[in-house]
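Both of the next two complexes hold chain A, though its partner changes from chain B to chain C.
The block that comes next holds the complex of A and B.
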């Protein structure tokens, strides 16, 4: 009996180890491919460019090391990989163009070191310490997700390394007294407030809203802030209910929604639960005018829901359709920086075998751009000067407006960037497509309101 | 001299840990400190689990619950009630020990696979509770303000070194407790339970009591360690605090080194983490680190199921006195 049990335990352990091992052996191939493609290209371009530039006076070249961890394994793998793909694309483009040029003629190129953080916090601090001390990283980029970033921020702060965070929306990491951490994402506290504004614009007579959301760090911080905002705007919150991340049957919640009879539902969490929720709302024929979910709707796969996707609104950090251009920068009185949205989409699809960039990819690219712009503005690679440039940054890029809070309480919090709200609509031939509804300046279609 | 020989097993175990601690102290490098921190944290966790798993023969699949709960209680006291690290650590240990005591009374009546399943259930239940418990931040968790670290020696760097030495002291304490249990009458009772619980009861071992105290002892230290780990980490959330994978890794470490020995979990914990750390950061292996680790674990489990120390003890009986 004892032997059988020991054998059973050993078998379980081995199977567990093998399962995780299988997961890891498949994933790294994806980011490795483009890196291998671009590495020789980068060196070719330096070789091609140097003779031309060398004629007047050999320009000095310096290479900055960027350190970050990637979730090559674990549950954050997909989003983290996209984020790193975006960052790599930025780095390759800068290096291929011969690097950034400072006023003294120095050319600044970039290189990177990365390790697998396995999507868990156990080793994040060890890896970031390694990046900061052993690998000589000059600047850091955050891991994907707020939890991992919070652990990494302690290390960035301790070694005085500037860290641009992306994929980390939670506000709390910027309220802990850090001075070296700068956020590229719109913080969680403003994730859904735009949806409330949109609703007010669409139908001022609506007063009853329901929040049904996933019980996770990110979604809870988002809806708690949105609830406060909605109440300030005079809405009555008739239901405020969290569900477990593993929920597959939304029946009990839908019953509560029916009982509360709201005009609008806001909430959701991540892709799986969000799409299931949307499908079941459709199946039960819930009569609701306005339906917003986090994270799931901006994903291209959301269209697989078919009719259930029609009319669903979702916040996104960035959308290919969102048209931020040099002209809109001039209108807003901001500096324009970097490539256009179209160019980002085309080059990204070219580099990653036709994969459509998600907002995680754009966030990764934006983190690189923010750093590059800060170095250009500082006209120096000294961390102190770059940090000062970040404090003063106020630019518009294809990713949107970037500006950081410089107060002691919320240092580094993103205050310029705001969410784009999309809605799935049917075009004339009955195909589903995402349309941008908000902000109104960037809208590509009229809202489908009330939701069919 | 006689005393030295008598305690040679304990001395060897402590020397191994001291050697690990001396490494970053001598070279003064922060990265070595971080590497060794991960290693000796595993040593302490594995040694704690060993009291239950190795000596008593009960497999606790959800042992991480004590690490998480202790961490949460201590973190709450530090972040919300502004307690200092020291009483918070104590409170974390007490909370975990108390939970283990009541749980032990209830679920240690189960044997074998049923007990293992129950421990997983407990971990999930506590995680779900914390996820919905507002004072602990619910799903959002809690964060420590960076300025808190200034109370521990001047800055974050000092606080991290302090956490490291604190962990080293705790690890040595765990080892002393583990050794004391193994060589005591209480420990003999546990070993008897491991071999045959019914026979042990007939021989006069009060099995339910002994098992409960073994469970409590093996839970207190993970609770204290949880507070220290999340203090250093700066924030705490339900998912990383109650990560079932850590439980499984703890079992692997104990089995790798040799369950039921004092030195085994030390070698297992340090070796496993060093090896994983090496694979993670090695340019050749970093993309396939889990595959390599999984394969090696398979080899070890198939060919030396008694663990490294168990294998050496069987092979060289003369070393048994030293390799406790």
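The block that comes next holds the complex of A and C.
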């Protein structure tokens, strides 16, 4: 009996530890190793505080410290690494070109300090506090994912540091009255509305839709907004149900979806659950005309699913096929900024052993570009001036349109950028390839409808 | 209620595999009173083993599972000698920390090598429609494999000399040693068998779900629940525990939101501990 009691107590401890680990990260106790890449240039940033010094002699050089965390471990590892790769590419390119030039001749270069946040919210709060205080970061970039970014945003606001968020679509962080946080991604509230429009265009006779989604901050805010939009468009929502983020067996859930007999399924969550869900929908031969999942389909690795990937539609923040050019900027009456999409893809593949950039990579690069453009527009590295420049920003880049909401209710929310919708299709030789379906003016192929 | 029967079948087939995973955990506990916290990562290694054999060597995943089982056995023996043996007589916390360290090492190396990107064994045995039920080939084969593994384990434990030694050591290690049973080797073998079962379960799961190096954690948690359901230290009971859990997972979503599944599972876990701590099929102690 004593043994059983001991076991019971131990088991409870273990369960608690494991559940906590599952909820946040895999590695609760490992101390963060300070990033090896941190250069001692941090103190240089103070030199930038008076850029318009009286002496017109040799151009000054100042180095700004950018702080952010990377999910080197834990479940956000893949997307986060790609995001940071994009950001690093931007930084290398700016520094190699000699930095940004201000009107007084000052050259602004960038350095960074980063830590492993272990995909864990608590670590993000500790580390962003450290970045803002001990490491003297001048500007912050968000971690990957809405949950981690919400935690980082609190710290950025508390210490008055301007933070460009990327990899974080949830709207709620911009409805807290923050004044220092600016979003690069299309917000969750507009993530799936384009898919509803696409469906309406493809088949106006479809009326029954099901929303099935991962119970996470991001996915829930996406589907709640999309549900309202779909109902406004006259759709009947036959099923609206979430699933646990750790779900691996979707079998019973899919049986439930089948019983509700929808014509279209919209939802999903992140990569792992999305790819599992797509595979099981295919294995069970569910007869559905239109199937849209969040996050997973735009990832190049989604093609590993083989036939199960064919016909699946997904919203993407950016696609290599998306063609935003200086000409389209002129047409839209916007300023063009930065490199072309082709140049981004080529240099990214060159820098990372041929890895195709995903939209996370483009988002990381875009965050750097937005900051650089704000510094150039402000003609200063003063946070206040940079913040004012962000408020007025209205530009087109290879990543798309960037403009921020400046109202008190939604301050910093992205209102310029919009989603691209892709679908996996088989080409003539049977290879899987992504095609852009929406917006129609950027479409690269006809939709595969109904889904095979 | 067509989808109720379909969901029960889905859950039942998966339950066999849960049972195999839990058998590994409960065998190690039963023989040496060690809670193996590296159980989840070893399940994940089983998945990656099958994945690598399938993608790199192009072998059928079921042949892959046989190889993975062998590697799992060797890995378990290695883990036993390196991490567990020295602390086997220490308080429970020591073995718990030792196996947790192994868990961290596997996940750390696994993340560095494979990243946490999901992998998929693009392999299908098709499906058969039986009225409202879609019977997936890969799940049916996994269920048959689980029954064979359980049968083999039973024969090994009850009909062979090393099996009898294992039961003797589990029953009373000191007495077994006095009778000339080489207890250290038997403990290492038991640990090896436990990890072998975990690796087999991982290999079977890899044939129907995509996975990452972190994917084993979920099955480790389920294994705890199943072990308690089936009776701690009772490998054959674990199979029945797995079936019960699988069927519950199938039934619950038919009448309430899917997110309630883990809540009810753990409520059941606590109830069993309170009402019948030796498990439904538990041995009397």
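Following the convention adopted for this analysis, the second predicted complex is superposed on the first by the 395 of 452 C-alpha atoms of A that agree within 3 Å, B and C clash if a C-alpha of one lies under 4 Å from a C-alpha of the other, contacts with A are read in each partner's own complex, and residues count from 1 in each chain.
We adopt the following convention: contacts are C-beta pairs under 8 Å (C-beta built on N, C-alpha and C of every residue); 3 or more make two chains touch, one makes a residue touch a chain.
For clarity, every value in this text was computed on a predicted model and none was experimentally measured.
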item	value
Which superposed partner A:248 touches (first chain B, second chain C, both, neither)	second
Contacts of A:123 with chain B and chain C, given as first, second, both or neither	first
Touching partner for A:340 - first (chain B), second (chain C), both, neither	neither
Partner chain in contact with A:73 - chain B first, chain C second, else both or neither	both
Chain B versus chain C as contact partner of A:444, first or second or both or neither	neither
Chain B versus chain C as contact partner of A:215, first or second or both or neither	both
Shared contact residues on chain A - chain B and chain C	1, 6, 8, 10, 14, 18, 21-22, 72-73, 215, 242, 244
Residues of chain A that touch chain C when the two form their complex	1, 3-4, 6-8, 10-11, 14-15, 18-19, 21-22, 26-27, 30, 72-78, 81, 215, 241-244, 246-249, 251-253, 255-256, 258-259, 271-272, 275-276, 279, 283-285, 301, 304-306
Residues on chain C engaged by chain A in the complex (per definition of touch)	2-3, 6-7, 10-11, 14, 33, 35, 37, 92-93, 96, 104, 107-108, 111, 115-120, 122, 124, 127, 129, 134, 136, 205, 208-212, 214-215, 217-218, 220-221, 224, 228, 232, 249-254, 257-259, 261-262, 266, 273, 277-278, 285
Contact footprint of chain B on chain A as seen in their complex	1-2, 5-6, 8-10, 13-14, 16-18, 20-25, 28, 32, 72-73, 115-116, 118, 120-123, 125-127, 129-130, 133-134, 147, 150-151, 153-154, 157-158, 170, 172-173, 175-178, 215-217, 219-221, 242, 244
Residue numbers on chain B that touch chain A, as the complex places them	29-31, 33-35, 37-38, 57, 59, 112-113, 116, 128, 131-132, 138-141, 143-147, 155-157, 160, 232-235, 237, 239-240, 243, 245-246, 248, 251-252, 255, 277, 280-281, 286-295, 297-298, 301, 305
